[in-house]
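Look at the two complexes coming up: chain A is in both, with chain B in one and chain C in the other.
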Partner chain A sequence: MTLDIKKEGEKTLATLSGRIDTTNAAQFQEAIAPLMQEKDIEIDCSAMEYTSSQGLRVFLMLQKAVSAAGGKMVLRNMQPQVKEVFDITGFSNIIKIA
Partner chain B sequence: MIKRFEPIEGRNAEIIESLMASPEVAGLSDELKFKIRLCVEEVEENILCYSGTTWVEVWASVSDGVLEIGFRDGGVEFDPLAKPDPDITARLEERQIGGLGIFICKQMMDVLNYRFENSCNIFTMSKKIA
Partner chain C sequence: MRKSTESSAKLSMNIVFIAALLFVFVIGIVSYSSHRMIAMEAHRSAENLLEGTKATIEGNMHRVGELASNAAWVAADNVRNEEYLYHLTAAIVAENPDIVGSAVAFAPGAFDGRHFFSPYSYRDSAGVVHTKQLGNDDYDYFSMEWFAIPYKLGTPNWSEPYYDEGGGEMLMSTYSYPIKDESGNVFAVLTADLSLDWIHEEVNSIRPYEHSYVMVVSPKGTYLGNGRPECRDTNIFQTTASNTDRGFYDVAFNMTSGMKGSQLLRLDGKPAFAVYAPLFNGWSVAIISEYRDVLSENASLQLWLIIFGLVILCAFFGYMKRHISLYVKDLKATTASNERYASELNIASAIQTAMLPRNFPDPSCGVSLHAMLKPAKEVGGDMYDFSVKDGILYFMVGDVSGKGVPASLVMSITKQAFVLLDGLEMNAAQLVKRVSDSLSQNNDSLMFVTLFLGKLNLQTGELQFCNAGHNPGIIVSPDGEASFMKVEANVALGVWEDFQFKMQTITLEKGTKLVLYTDGISEAERADGSQFGEDRLLETVRTLARDCDTPEQGCEALYSAVKEFATGNDQNDDITIMTIKY
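== the complex of A and B ==
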């Protein structure tokens, strides 16, 4: 799993790639820490191959922090099978996926 | 295929890979393998978190076009199916993360089964593959 983050004006653009599972969910949680303070986040998920519920937990934590701070976040270009995990758990209703 | 792991601490990935590499699973479509890997990981995580076992046996078998994945461990009695499903319609602020793993299994597999037998937790999940 890798998460690259860059700023473009007011926007924060992140690119997430690889797999998020039991073995690296803690690493993912550390990686998203800089995003928690941001107000306008886009995460490109096109190279994200897999997430387990451990990864969903981190996405939920991030979305809660961003929303609580009045910010917004969108996950883009998610692969269909990964999207299905967000769909069946209702995460598509609380996290914007475009 | 049946395989026993003891001890199991820190061997989550190894246990998952042994099931994924089994002849019953290895030849399936990528789409099916994605779902099976996810469900195996979620069950494994539950066993490691809650049962306190030092060993686990895992197996994969196919009968009449149905794949069964099974787990047997010697930990404390723990029925993951007894937990209520998470409220997936809850608003963001109220959304809880607990119980999500087994809920994913319920959605992605056809049948889940738990029993406590001879002081062992036995959990199976099956899915039609043909």
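== the complex of A and C ==
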């Protein structure tokens, strides 16, 4: 799992790749910490291969933090099998996936 | 505590003992190799010293030789001048303190037809130079070594050393230089008697180690110099005779034979070595050194090493003893706490297992059901529940995000929340909403639960269900067709307060089978990272539904199939399977 973050004006662009599972969910949680403060986040998920429920939980935390701060977040280019996890759990209803 | 101190002392004793063995081993190797190096170095430096000594002695002798040859040239130019020849010998002696005598000895009849003619000057013990004619019938020098050898051979010669008994009572050697006429015939011999006292001085000045000494011997074994005063007036063979050591005999033999080399020997019974080399004139110089001197520095180095090592070992022992005892104490505390933790986990596991219903419904009630739950750790976040009441089968399979203790806490709350709602007239979606809302409050850790809850009317086959973000179950029609249930995703429980969960209703034909599971099944992984997957799951369920007679068999067979798929890989998530046959 790697998460690269860069600022482009007001926008924050992040690129997420690899797998998020039990072994690195805590690491993922640390990695997204800098995003918690942001107002306009776009995460490119094209290289993200898998997420376990712990990974979903971290997405949820991020979404809650961003919403609470009045910001917005969108996940882009998600692979179908990952999108399916978001769909099954209903997280697509909470987190914007484009 | 007393016991642990004792055992740590014992443990550190063992470690120190091994360290001591290693230490002795290292000292042995260091001492052996330094021994060798020092001995080699001593040999090398002895050889250098030998060369230096040789050069000093030879230099002195060459100087005398050169002096004699120059004088011979002068004498050859004045062979008729009797007075000058007397003057020449006197001058040679007077101007060279280490030359105690000099002669120009003519061959029979070579000077003015005289049979004997040999102007000769010498210095007496008082230092006064006298001059006289040496040869007469009482002193027929023609047969003497100093005259005969250069006269016959035409080459210069250093005589065997001898004691000048008449004069200075000193060891001397005579250098004889042939004087030749224009056609190369020797007609006279010029001599210079060199006192060898300086060799003794030279030899005595060289003492590389306390017990080492230098000796210079002639080809006949006479000591020209010997650093041991008691040997001074003897010769090397006398020393050999009083020395039973074969090594010294070899040294004596090789030196008098003009050979160069080195030799191990015993000096007064102690191991020693000699290096020796010949001088240009056949004499030989040797340096003899005892190993105890050479190695004494090494011995003191070793002593210091051993003392140093012992101090370190003692300090090490003390340190180890203290730290091991602390460590043992620590380890005991940790072990105790781990044991307590493990036993608590075991109890928690038992409590959690007890929460799951074990009495599966009697098939005579119109439905048969089986379920199993295998946590990845002692406790987990998966759950299932079922009950049959008033002709309705209530059943539920759920999965808390994550696993282990945190998940198990949420699992307990969730499971209990449903128990509390038991008896209230609510449809599937209402039940789910109530529990979700209660979980959503104060859910700071954002743990969530995915869940499938169904209510099956055993009379009519009407199944109303609510799927809250859970993996869709598999439905197998009586003719064996297997497919994933079409479910509304809704959302997982605990993340969205007041979410309106949608309920769905379908009607099951008699003989329909349902398989519910958690993602521990569909996402079971092989070592290469590939997952069991939904396609394989669907195919497996289709086959098992055909081959297995009861939900229990189907449940076990599906679990086995997943286990087999993930052989060699640790179970990475909780696994729950529920099979229902209507």
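Things to note:
As a working rule, the second predicted complex is superposed on the first by the 98 of 98 C-alpha atoms of A that agree within 3 Å, B and C clash if a C-alpha of one lies under 4 Å from a C-alpha of the other, contacts with A are read in each partner's own complex, and residues count from 1 in each chain.
Criterion: a residue touches a chain if its C-beta (ideal position, glycine included) is under 8 Å from a C-beta of that chain, and two chains touch if they have at least 3 such contacts.
Since the structure is predicted, the reported quantities are computational estimates derived from the model, not experimental observations.
Per the definitions stated earlier, placing chain B and chain C onto a shared chain A by superposition produces a clash between them. Look at A:K72: by the touch rule set out above, it reaches neither chain B nor chain C. After overlaying the two complexes on the shared chain, residue contacts for A:K11 are found with neither chain B nor chain C.
When both complexes are overlaid on chain A, the residue A:G90 reaches chain B and chain C alike. Once both structures are placed on chain A, chain A residues 21-22, 52-54, 56-57, 60, 64, 88-90, 93-94 are touched by chain B and, in the other complex, by chain C. Residues of chain A touching chain C in their complex: 21-22, 25, 52-54, 56-57, 60-61, 64, 87-94. Looking at the complex, you find that chain A touches chain B at residues 21-23, 50, 52-54, 56-57, 60, 63-64, 67, 81, 85, 88-90, 93-94. If you check the complex, the residues on chain C that touch chain A are 399-403, 446-448, 450, 468-472, 489-492, 495-496, 519, 523, 572-573. Within the complex formed with chain A, the residues of chain B that make contact are 12-13, 31, 34-35, 37-38, 41-42, 44-45, 86, 88-93, 95, 97, 100-101, 103-104, 107-108.
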